[in-house]
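Note that subunit A is present in both complexes that follow, paired respectively with subunit B and with subunit C.
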Partner chain A sequence: MSSVLILVPLFGIIGLNMLPRNVARRAAFWFAAAVFTAEILLAIVHQPAFWTEALVRFDSFFRLKFSVDSLSRIMLICIGVVSLSSLVVAKSTVSDEKEAFKFINILITASIGMSGIVMVKDIFSLYVFLEIAALSSFILIAFNKDINGLEGAFKYLILSAVATVLMLTSIAILLLDSPDTAFSTLHNEIAHSRGNFIVTFAIGLFICGLFIKGGLVPFHGWLPDAYMAAPAPVSILLAGVMTKACGIYTLMRIVASVFGFTDPIKNTMMLIGMISILVGAFAALGQTNFKRMLAYSSISQVGYIILGAGTGTFLGLAGAAFHLFNHAIFKGLLFVNSAALEEKVGTSDMSRMGGLSERMPVTGATSVIAMLSASGVPPLAGFWSKLLIVIALWQIGHYAYAAIAILASVLTLAYFLYMQRQVFFGKLPPGLEGLREAGNGLTLTASALAVITVGAGLAFPYIYNHFLLPLKEIFF
Partner chain B sequence: MEASSWGLFSAFGFFITLIFVCGLYCILATRSLIRAIIGLELLIKAVTLLVIVTGYLNNNTALAQSFVITIIVIEVVLVVIAGGVALQIFRHNDDLDTRRLTNLRG
Partner chain C sequence: MNMLLLPILIPIASAIIVLLLPKSAKLLRDTVTLLSTFANALLAIMLFNKEILVSYPWVGFGFEFSLRLYNFSSFIMAAAASFGFLIALYSSAFTAAKNYSKSFFVYLLISLALLNGAVLSNNLLLMLFFWEALLITQFGMIMLGGRLAFRTATKAFVIIGASDLCMMVGIAIYGFSSGSFAFSNNMPLAGLGGLAFVLLMIGAIAKAGSMPFHSWIPDAAIDAPLPVVAMLPGALEKLLGIYFLTRISLDMFRAETGSWVSYLLMIVGSITILFAVMMALVQKDYKRLLSYHAISQIGYMVLGIGTFVPVGIVGGLFHMINNSMYKCCLFLTGGAVEKQAGTTNLEKLGGIGSKMPVTFACFLVTALAISGVPPFNGFFSKELVYDGALERGWIFYLAALVGSFFTAASFLKLGHAAYLGKADKDRKDVKEAPYQMLIPMVLIALACILFGVYNKLPIKFLIQPVLGVDRLRGHNYWGFPPNFILAIISVVVLAGAFLNHIYGVKKTGSGLKAVDHIYHAPVLSEIYDAQAKGYLDPYNIGLGFLNIFSIAASWFDKAVDWFYNVFSVKTAALLTNASRRLQNGNYKTYIILSMATTVLIVLFLLRSV
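Right after this comes the complex of A and B.
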């Protein structure tokens, strides 16, 4: 019954738009909240029978074939948590009822696209769901119709469309030899004709497209612009799960179950990951805008995920999957904080802030937790995932990469400490004396995400046994 | 793949590459948002043609046809959104010049 996660929100949106206007506007928030909560609960309370059983009539009518494994479950939890945070933040930042209704509709569409991406077993359906997620995120970035949002949306649109064209070309070429586009069929065909020039070319195009979608370094031009220009709740969604689901998760899934971990692919992934870590971290050091710094920090953290996945060993993939989850949570949390700052201070320019933690205690405290988790400070969740990645690199003999990965954590700490000093410590600048803490929606979301970060760090043995160990079945 | 179909594939491949390069050049060289969208259209058209050719060579035309219809539907939505964004930019800036889209830097 995996298709429930697609069909219920889809028909829900259609139903909502048929209801009388004032009823629909009130019901939309609760419907979306129920959908996202159900998604989280279904993924945590794992009942294999629930996912595998076919939905009578519907599955055969829509020809849906989904399957959920442990990597999909981790992603479904991320999608649910981050979409829910984005929804709650939108409720307190988008004041106009009509706009809020539109926002919730597109948010649910985006989450349908992302849930589809993590559940499909067919490369063409993957393309369709990628486009659903990407198209709704273009609309969301340009949601306020201000010139910055439009510019960011257009840049993202062009690069994302080029990426999907590359992927489609690759699918078309792979179709030359294969009777259909299911992951398993393609895997056999590719294993059969390994070394063939055209097949290698197709694999290269597909991976290139995914690097663009994931915002990894040679192709990262669109990412800071889109994150910075997007309205606050949209930045949370984009940075938390959108690029992860569209680029990084897809890369891990496709390489693991279609292309296979060959040496050239592994080396490319590790090299690109390393470059992303360093370029992202150094670029973040020089930023003066809060959201732009977070965007470059995202590039750097996503580099860690690719670096871990590129090792091709179980430990590396487990570290990558866990870092994917951690990054969704702490980056979502930092963007919630940026939403609070934007709402209260009215800007995200760091030079105009200072000493805010005495006025906004919750925002200040949660941002410290998120930043420590991002830099890999021990009891927090980010430490464990980075540790797994570094151990995996050490085990396969890439000592230099392991050393740089550790040193880059120091860089992460450096730019986040600079951010903390500029924004939350020090003296209040004149004009901000009357500042108050942000509304309940924002502080509750931030606290919940901070609790998840701390909890996932403390309960790491449980997570390792219940979520990361089952990954062995997928990849090996 | 047999020798005769290889000839067909290279003939189509030549034109597909031509359209693809035109589209890519259009996106890279133009200063107008509308022309960038037209470039995107050209790229997607080239890929659609490629899907048709590979489906024909693979004796899998039914699958290729359903793919092409799906691609066309998605392409229409993409172009509508791109057009909408370009229209809003025109309302703000009174022109479609990409050189004026330089607010976001750093």
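Right after this comes the complex of A and C.
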């Protein structure tokens, strides 16, 4: 029944395009909203019976197997929440009805790709869905067809192509040895031929391909340009879930259930994670553009996730999964706010803003919450995930990494405080006196995401017991 | 809803009601407070000696909100609830004209709820929660004394907070090495167990107000409103501290007679008795004198429990309930004097006994009780403690006996200076206190007589069940003291104190100066001087050490500042420049960078093959 998340939207898009134009344009928004809401609810309720048993024939439409476990479930919630936010923001920022309809079509396609990535259980279908997601994001980045968007999309396309080549080569090599492409079969084969030169080579290529997709330092070149060039609703989607589903989630999944946590892989992941944290944070400190700063901050936060996952312990993976969720929420929230600023101030250059808090109280307040969560201030959600990651590092004896991870939190706070001071506090620059709060769509989305951040932090024991503890069963 | 939640919820709920009432609704406020403290007392008596266990899932990680009522906790709860009601009644008159009356009642109710919670808790973590929260109400209550009380409140907060920190570490060690946070682990005292015992003991005796954690009590006696002093250091904190000390010694650890912790406790107890009573002797203020006795009497309890022999523990616990009764009542008489005569300075008081006969009678009864005169309750509990102390070593017995000599001497002085003698000409028309203040005093004084004359009642029903049949081995400790000779010696010592007083009065011609010959004795006078200058206050000594630490910390802080203000700013500038150069928008650079790193990573992975 898992394929319901793929098939319903897929046939939905086809159906929408067959309807008369004016009906379709009106229905598209509600259809997309219903799909994303259903995705969130199904993942939260998470009836194992629903995913596996009912309507086996429905699943057999695809000649491939889908399944939803506790890690996929967390990711599905993120995809649903962020896509929904992106949809609502698009509704209030893309005014042309025709453009909006196109956007919704591609947004749904992108979400099909991402949902597929998190539910597949064989490496080739994984590749197919990665391409679906990547293709739709190229189009989305270049959606406005302006020079910056096209350039950003082009860079992403090129780097993505490199990643694809690396991964396809790797899959081809792995298939030399394995009868089929299922994760479990591959896992056994790799475990058998551990230490084999060519298999290790393939593993290395695959991991590097995913590093490019995830935008980790030093594979990150495309990321700031793409995030900055993309229209507001697209950067929400890209930063919130797209690169996470394509790169980070896939890396966690592949390493955990196919390659296995061997010491060299763990060390590589932790080192790359640490470099990303530091370079991302220091680079963010020096940015003057709001969106570009958020992009570097994304790199830094993704570093935390890889650092946690690289420990290879339950606690580290739980921390990484929870940080994945938190990052999707607070970074989504900050990009929603950047959309509000872009719409109202007309630029994302921070040097031209100031004192906006009094003019845009909701935007100001929610961005404070997001930034505190990102910096790991208790009791917000970001604190708990960072805490889990730091504890996991400490437990396996990487004291230096743990210490740097904590100190880098202060850097996070530093660049966000700089942002707050530049944008929201202080004096209004001349010319912005008549500024008004952004529309309801934007402020409601921002408030809802802020509530999720605060709620997830306060209800951490519940989340730990119901969402993170089950991770133990799949990996250990 | 379980019955056991009520002792926590009733006072909290009424505290919220009182908080919501307007400041002017005095009658309504008094009614609500009195009714709820009365309900709390009634509930505690109804629950007395029942066995109830109730448990709710709490924060997760296996910690439960688990409450347990059994003979000991019901005993402490009933005692505390009774004091709570009596003090509320007393305060309705005492604080009537004060503007802090509302805050005081709110704190009082919350403190009662927290105390009930702490006593009922069935695991250490839950108890720690309530225990720590009491620190906040204590701070708030001392702060009611006005601007000057701030220093004292901070002092109390720092001392109790630091010792609570020790206790917290102790709880962590205890839970870590015995595997659970339950009270009944019977952990051995070797190694980490010993450390845990000492840390937990520090928390318990600091709460009770034993030396060396005492120095805030005399300050609070002056600065804080009197009902606060009567309630917290006078009664509730003693009950709670000694309760926990007993739980540590009896349930949590396998502490045996002759173990080193036993000696540690007895030494702490003896020192507390002696030093505090010597300080009490020379005080010239009614309340301050009492406050040193509040410290000194704790010594008897710690000594009694520290003997780890049944008679000593029974004596210690009996002394705990007796002391909280007469000490509370003594403070209340002090409050009555303060309110009616306008001062507690013994140099200005005198001859008010005839004008405040009921207050004087209550003072007389409780002063005789605290001095250990038969047949009042203090006599019997002290005899039991003597008996236990003598069994463990004559030196401890001697310390207790000397302590009781000076106790008697200082109360003779206090009574003489305040109630007898010539009245000051400014205070000719002092009147008796209002009945709301007299009723609590009279009730407690009567209870002191009852617990003495008919001591079978408290010992059989309240105290011996705590130890259990196994420990008592069939002994019963009520009735006349088992050791007749010790009783004779005690009476002789009391007579000596009386003679000493007469000698002093003859020599100086004044009740207040009756002990000056002790004050001016060689060696002692120097100790007194040092104490007067605050050199011997552990708090001040601790502050000195803290100063050194703070200098070191400021150097460390400068290093951290340098890291963030200089190092990270420079690094950020460097990296931003570098990334700008690499981030030149040219995708060829990105590809080259990515491929180069890919080669490095693949080589790294292959190296391990």
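Here is the rule we go by: the second predicted complex is superposed on the first by the 469 of 476 C-alpha atoms of A that agree within 3 Å, B and C clash if a C-alpha of one lies under 4 Å from a C-alpha of the other, contacts with A are read in each partner's own complex, and residues count from 1 in each chain.
We adopt the following convention: contacts are C-beta pairs under 8 Å (C-beta built on N, C-alpha and C of every residue); 3 or more make two chains touch, one makes a residue touch a chain.
Please read all numbers here as calculations on a predicted model, not as lab measurements.
Of the two partner chains placed by superposition, only subunit B is touched by A:Ala229; subunit C is not.
In the superposition on chain A, A:Pro179 makes contact with subunit B only, while subunit C stays out of contact range. In the superposition on chain A, A:Leu16 makes contact with neither subunit B nor subunit C. Within the superposed three-chain model, A:Gly204 lies in touch with subunit C and out of touch with subunit B [touch as defined at top]. Contacts of A:Ala370 after superposition: neither subunit B nor subunit C is touched. Contacts of A:Leu168 after superposition: subunit B is touched, whereas subunit C is not reached.
In the superposition on chain A, A:Phe282 contacts subunit C only, with no contact to subunit B. Of the two partner chains placed by superposition, subunit B and subunit C are both touched by A:Phe154.
Taken together, the two structures place residues 151, 154-155, 158, 162, 224-225, 286-287 of subunit A in contact with subunit B in one case and with subunit C in the other.
Across the complex, subunit A is touched by residues 59-61, 564, 568, 571-573, 575-577, 579, 582-583, 585, 587, 589-591, 593-595, 597-598, 601-602, 604-609 of subunit C. The residues of subunit A lying in touch with subunit B in their complex are 124, 128, 131, 135, 138-139, 142, 145, 147-148, 150-155, 157-158, 161-162, 165, 168-169, 171-173, 175-181, 224-225, 228-229, 286-289, 292. On subunit B, the positions that touch subunit A within their shared complex are 1, 27, 33, 36, 40, 43-44, 46-47, 50-51, 54-55, 57-58, 60, 63-64, 67, 70-71, 74, 77-78, 81-82, 85-86, 88-89, 92-93, 101, 103-104, 106. Residues 151, 154-155, 158-159, 162, 166, 195-197, 200-201, 203-205, 207-208, 211-212, 218-219, 221-222, 224-225, 262-265, 267-268, 272, 279, 282-283, 285-287, 410-411, 414, 461-462, 464-465 of subunit A are the ones touching subunit C in the complex.
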